[in-house]
Amino acid sequence: MLPMNSQHQFVNQLKPGMTLDQVFLVRDKDLRTTKSGDLYVVCTLTDRTGSLSARMWQASESLFNAIKTEGFLHVKGRCEDYKGALQFIIDACRPVPADKVDLADYMPVTELDVEQMWAELLEILRAVKDKNLRLLIKKFVEDRAFVAAFKKSPAAMQMHHPFLGGLLEHTLNVARAAAALLPLYPKLNADLVLTSAFLHDIGKSAELTSGLSIRYTDRGQLVGHITIAAIWIAEKARLISEETGEDFPPETLDLVQHILLAHHGEHQWGSPKLPAVPEAFVVHYLDNLDAKIWMTTHAVENDADAESNFTPYMRQLETQIYKKSRELQ
Amino acid sequence: MLPMNSQHQFVNQLKPGMTLDQVFLVRDKDLRTTKSGDLYVVCTLTDRTGSLSARMWQASESLFNAIKTEGFLHVKGRCEDYKGALQFIIDACRPVPADKVDLADYMPVTELDVEQMWAELLEILRAVKDKNLRLLIKKFVEDRAFVAAFKKSPAAMQMHHPFLGGLLEHTLNVARAAAALLPLYPKLNADLVLTSAFLHDIGKSAELTSGLSIRYTDRGQLVGHITIAAIWIAEKARLISEETGEDFPPETLDLVQHILLAHHGEHQWGSPKLPAVPEAFVVHYLDNLDAKIWMTTHAVENDADAESNFTPYMRQLETQIYKKSRELQ
Amino acid sequence: MLPMNSQHQFVNQLKPGMTLDQVFLVRDKDLRTTKSGDLYVVCTLTDRTGSLSARMWQASESLFNAIKTEGFLHVKGRCEDYKGALQFIIDACRPVPADKVDLADYMPVTELDVEQMWAELLEILRAVKDKNLRLLIKKFVEDRAFVAAFKKSPAAMQMHHPFLGGLLEHTLNVARAAAALLPLYPKLNADLVLTSAFLHDIGKSAELTSGLSIRYTDRGQLVGHITIAAIWIAEKARLISEETGEDFPPETLDLVQHILLAHHGEHQWGSPKLPAVPEAFVVHYLDNLDAKIWMTTHAVENDADAESNFTPYMRQLETQIYKKSRELQ
Amino acid sequence: MLPMNSQHQFVNQLKPGMTLDQVFLVRDKDLRTTKSGDLYVVCTLTDRTGSLSARMWQASESLFNAIKTEGFLHVKGRCEDYKGALQFIIDACRPVPADKVDLADYMPVTELDVEQMWAELLEILRAVKDKNLRLLIKKFVEDRAFVAAFKKSPAAMQMHHPFLGGLLEHTLNVARAAAALLPLYPKLNADLVLTSAFLHDIGKSAELTSGLSIRYTDRGQLVGHITIAAIWIAEKARLISEETGEDFPPETLDLVQHILLAHHGEHQWGSPKLPAVPEAFVVHYLDNLDAKIWMTTHAVENDADAESNFTPYMRQLETQIYKKSRELQ
Amino acid sequence: MLPMNSQHQFVNQLKPGMTLDQVFLVRDKDLRTTKSGDLYVVCTLTDRTGSLSARMWQASESLFNAIKTEGFLHVKGRCEDYKGALQFIIDACRPVPADKVDLADYMPVTELDVEQMWAELLEILRAVKDKNLRLLIKKFVEDRAFVAAFKKSPAAMQMHHPFLGGLLEHTLNVARAAAALLPLYPKLNADLVLTSAFLHDIGKSAELTSGLSIRYTDRGQLVGHITIAAIWIAEKARLISEETGEDFPPETLDLVQHILLAHHGEHQWGSPKLPAVPEAFVVHYLDNLDAKIWMTTHAVENDADAESNFTPYMRQLETQIYKKSRELQ
Amino acid sequence: MLPMNSQHQFVNQLKPGMTLDQVFLVRDKDLRTTKSGDLYVVCTLTDRTGSLSARMWQASESLFNAIKTEGFLHVKGRCEDYKGALQFIIDACRPVPADKVDLADYMPVTELDVEQMWAELLEILRAVKDKNLRLLIKKFVEDRAFVAAFKKSPAAMQMHHPFLGGLLEHTLNVARAAAALLPLYPKLNADLVLTSAFLHDIGKSAELTSGLSIRYTDRGQLVGHITIAAIWIAEKARLISEETGEDFPPETLDLVQHILLAHHGEHQWGSPKLPAVPEAFVVHYLDNLDAKIWMTTHAVENDADAESNFTPYMRQLETQIYKKSRELQ
């Protein structure tokens, strides 16, 4: 019974009145009593595109216990508008083992090929000529635990690229943009820009968890990705120095750490230092630009209201986004 | 007498102890009396790289009258340090007619070929496909008075590219950078970005004078380049409409004006609107990036103090600039 | 059946426990199912003073279809408190054609006589002596489409005078205040102050819609009323110039546009220029003063809570407003 | 010898090359030695319009001793430009007793009739009807020491009306403006506005000295005019209460003190409270408007540079002021 | 029936699923109708640790009338999670007279002994040697009405020590900290620091009510505790002066008032003056430190979510608080 | 010849008219020509309290060469006022070898006993009980290079304790204050507070040079003391971990680094993290308090103007400091 629909309807495409017959990931559940004494279940159903409040009337305690938080649930029912938000009324449900679902539907994850992105990033970094910067990059690239975490990490909790692989996707974008602009600015130290483009957000792989839900780690919250990365770079420089028997040049270390510390551009965004070399401005602006392009195009593409020419107000941008710029004419 | 040195020593390269025998542009002059009753002249000598305070002892009133403000003067003498600033002691001098000097040595002017830059800019704009944006660009390109002013204009009074032709140089840089980045962001409206890259600062050709000294015009001071340009664009759209007999599409006009109005990125920098389409962020960040690269590399290249690894404090950047980033190792 | 009460009870005067028998404008509607499977309707009822959430139990699909969004509905039922907000329980209802209601009860509209206000504004402007400013005023006054839109426009979406005719009401207030103050400051250019008082907010007639609901237009959102008005003034000056065969004096144009651009007083409020003539400060402060008087007296008069001496916190003023200042002793 | 010129040339009108033969007030003096061992005097000469650095060569110790700081000195000599600033070379000088000069030339003082202004202010306040506010006004008006200080006090050290009598001049302006606007806003408590217009800056008579030089008093610096005035009002209310045998109504006291505390409008300008009644906004904006009109018209009228259409940059206004707004056409 | 549990379960310790049989203070109540026409009661139950939304199904009008707002109610029922917040379902209830309950359970009140704290504060102040400061302290200590209010007052509405006696508790903490630090900084005027530590927040006893609910008084809202206290100090100084027949030294008065006016440290926090003596910094930082320690430790101790290492986001501190700092290892 | 005065007159005590016969440290020197062709020397003389511009007339090139920059010079001559600044006229001079002077007179250096301060700091840290924090402290205390640098380092370039040993003096003050306050706040983690008090500014020993002049190092400028210290702590934790064979507890490391990163309290002061544990507030406020007490008492003690009750305006404190608070009565 409850045969699976061929296609999962994603949360961000649901509308009042639609009926569903498919699997969701359960976040929260609660058993409540109506005034007449009947039990009912309230729970939150999610997939990688969002979450949905649901209730199931005429529930029993055993049915409630069968539903597992952080487990998968096949549900049948329909969508309603409830006080301006969407609500799902479950008519029937049964648990589904994790190995029967396509996890990628439930975890927010990059739509691009991770290995291909990683290869392209390495290809771009191959242009770096400076011996010490090459050693530094190599130390990170050969650190398996780091690379594994880096490939899985989101770029942020919500702001931009908030999905598994998002950090790599964003980093590659910044590195590509840097590679595209560097020929136009021959006075810049291209090696420094490319290396910093790679390293600028690596601390996020320790700042954020990269499981079913994206959260700050304790260390991310207390120390932050900028300082975490500065420490990692110091540590790699120490290892290089131990291997080569020579000091890692302090100017090189200072500059890479400086660009990292300054890449948020202003104190108020958590940068303990302001950009003090032209290369730092390149990383700062290209980082910001990629984030802003993601935020605005994502907001436009995911806006449910077909009637309005604008998205809802976006607090971080202090404006609504106009949705028609792409399709002039 | 006073045979001309083969090569003009520029103000930004002078050091205490150097002797000079060459022509400067005179800005200010004053005749003063020493305690013992002798007359002496105090004046300011300039070339395109800066200005220099000078004095000539044992002067006479007729000599003083022979020196012309905004005129050229051949001087012979030597440089001294006076209270931390450079001072020039004139031993002998004579006026020189303007047609005997290379004006380019005395007016700050782009070092690049203006016509070549203009041609390259037009080449980049040729990529624009949208019919209305093409018409808009064409209207400006065919406006001879506008083009003449645009080619001569500085990009700013002091901040960046503050020299004749600086506006074109900066605009070309932004357009080049946009052209380089657009292939990486296929979701953007490339036509809109390129058109706006061209138009974003055109109002500066009416905001600033472009003669021997760069100053705000009254209209520049009272109305500002952003609003001036928005008005020009409205005017060109009206002319197109009159010619074609069709309304210039209001969405297109709104978007081009919006990106222009928002290109300073924040209210505090004089933008009456905040960026509300992804294309506006591209123009905002590439504009800013080109300005910051100019400011920092210019500060590094023109810093006289060979001993320090940092330039003096730059108020606009709230930091000193580190001078060694280009030459790692 | 459902005979109409002689008097409409406005939303801002409703209290829990009141029964109603009258017409509202319907904004949203939704058909939902109770746990027991019964259908019920949830909708929003409005008049010009506010909106009210309503539900009707034991509904049918045909009844639901009879209710029209943006249509008028005669309802009978009673008001309740639901979680601190007012809710209306509909016992019976039937649609009412628009021509049977007094539209002024449902659209927020000025309580003053529009033509009388317009006449008074023109009377005040008659004091302007400067030939060019008179021509400029005339151009706007003779532009029928402009005048029609100006008379209907609200002054803002919510902040102050957010109703049809509000722009005229506010503009007249500012002009009156200017006329009252000018004799006290004979050094000011009175013509410039009066002209700018008239023109300072005219762009709002294109920034906001003026129908049943007040919203930003796309152009209002992307370009904004300040720039719209600056462009209109440039356009009128061009037309004057074409008619007179003489240049409209650039100083006059610069000044009128400057005062307009600076009338929000600070960059953070969207002014691209800061006030740079004394006349600009007059317009800025009188504009602000009229808005603040409206906001505070409106908040006091519409505060439902008779027990408290203060209104709720007003975010834009960063304070609560004390309601007893008018009635000392 | 040294016969007095019929007319004092004021400091703000001096130009390089002018010769003078008149009296100044001496601020500082210093005796120095030239390299050749000769003594010379350096001193500062002032009148009510500004100050001027001066030197006298070939001085003697007895001559130096004859010059008195804060004394008057008749000088003969000429003005020079020295490093961009004006300098005066004294050829001859002699002390002048204070009773031989017109003190009004040396102390900045209002050009208006103090008693007439005071009478007009009282006339305006006669419109106040509220019994308690009348008692409060009366308490201040009958306090002779207060009235004497109030009439002499400047309104600020430098910002606006920085001269003896300036506080009264400014207060009268605000009261006049309030009286002019109140008929337009009948919902306001006019008594409260007029009383507060009178009292809003009274604390300045204790915050600033009103002698030859205007400085902060210690109490002005440590406690400030806003709190000083709040305390005075509390004290007057207590006295009224003692006389009448009835409590001064606390709501009235609260409101007058509130408007006073809030009249700077924002915390950053030293207001401990933000305006929370409409009447507070009236006092805040009219106070600000009068100050800004003074600052801008004063800057325009006192600008020495006839060539420029703009005054120098004014830090408090964050802009230069355009000087041609009064004389359009 | 409904025998009282021996121990009151406080609101901040309740969890879904718990059953209760105890007394609460009722804040709000409302009678509503279900769709099926049944009546039910919605009310808010509180004790000194927080508030709880409750409903009672199958209610009658007489039962509703028996429940008194601001009265005590013995309830029996159980806690549920409702949309993420706790809700209480009342099965049975009856009113309880105020004299049958321990009021301290229902009003937020210090857990410390008020008289003992007061005695310790006086003991600390005994160290003050300066005659005039001693007189000033004495005037306040002997003012019975003041002392009674001071002992009962909270220190704030919500931020820190928001309970009866909180002002004394906070003041004592600041005085203790000052007494502990003063030996380390012998250059400070210890008498001034201790006196100001005592007086810095006294105005709060008139700014806030100290009954069953803590609210701003009208005077607190309009005038604020800082100015209220400055006025009180002026008044006490006047009384001392009348008694002693000597002026209270103005420097002493200025300084005590200055430290009071400056103790919020920045204009944006409502201080009309910035700290201008070292003693003012001591009071400012120790005041702030005590408040921040209370806020953070209170947030940690009252956080219900045992799973998270962080409290929810605290808007005033712009961060979440880490809960594990006390228990390292 | 030139017998040494028994006592060095320090620069901050010099006044116009004083004659001197003593040794200074030379910073800059320059040889210039008078109008009459005579040579003269301009140089800067310094001691640990400040610097003084000097000139010597009738100089020769050999004399000029004998004076060494960064060398010591015995001078004889007198002080003059020159344009409001003090100037010294050298009548005679001769170089003095460094070993003939008391270096402490020329380098700004703590007046306290460094070893005694260090011992007291260690004594305070002995109270730390937590095993891991003890290990961490030990690692730093046993690092000889670190301790040597720490003892010599200033606490800042100018703001507070800007002299050799100033870092230790400031650190000890903060540790003492923490030790004094901790008994009052038993809920705090005292070990964490004391450890962080010790470590909070250690990075300054690498941020600033500690030779004859105090300057930022390149690393200090580019990376900053906060990040430098965070890296050092990570490095020490790694070494501990290697020695003990156990992981250094990550919570402990996170917390110590967090308090360090947050100790400037706000993003704008360069803290990449805001305080998120109560212990972080303690370090932040006590650090700030010690700095502010130094700045204000130092300004009062070093103010040359005996006539004024206030120091000059201090930009960092946005106010002048009142000088009479210590000596009430």
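In this document, chain identifiers A, B, C, D, E and F correspond to the written order of the chains, with residue numbering beginning at 1 in each.
Note that a contact is a pair of C-beta atoms (placed from the backbone, for glycine too) under 8 Å apart; a residue touches a chain by one contact, two chains touch by 3 or more.
The structure displayed is predicted, hence computed values, not measured ones.
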Taking shared numbers over all numbers used, above half giving same and below half different, the chain A and chain E interface sides are different
Between D-F and B-C, more C-beta pairs in contact link B-C
When each of B-F, B-D or B-C is compared with A-F, the one sharing over half of the residue-numbered contact pairs turns out to be B-C
When centres are defined as mean Cα positions, the distance from chain A to chain B in whole Å is 42
So, in whole Å, the Cα centroid of chain D is separated from that of chain E by 45
Residues of chain A that touch at least two other chains are 218, 221-222, 251, 255, 258, 273, 276, 310, 320, 322
Touching pairs here come out as A-B, A-C, A-E, A-F, B-C, B-D, B-F, C-D, C-E, D-E, D-F, E-F
In their shared complex, chain E is touched by residues of chain C numbered 16, 34, 38, 40, 57-58, 80-83, 89, 309-310, 320, 322
Interface with chain F, chain D side, in the complex: residues 30, 32-33, 35, 42, 218, 221-222
Listed in rising order, the residues of chain B that touch chain A in the complex are 130-133, 173, 176-177, 180-181, 183-185, 187-189, 191-192, 249, 251-252, 255, 258, 274-279, 281-282, 285-286, 288-289, 292-293, 296-297, 300, 310, 317-322, 324-329
Residue positions on chain B within touch of chain C in the complex are 218-219, 221-224, 226-227, 230-231, 234-235, 238, 250-251, 254-255, 257-258, 261, 267-273, 276
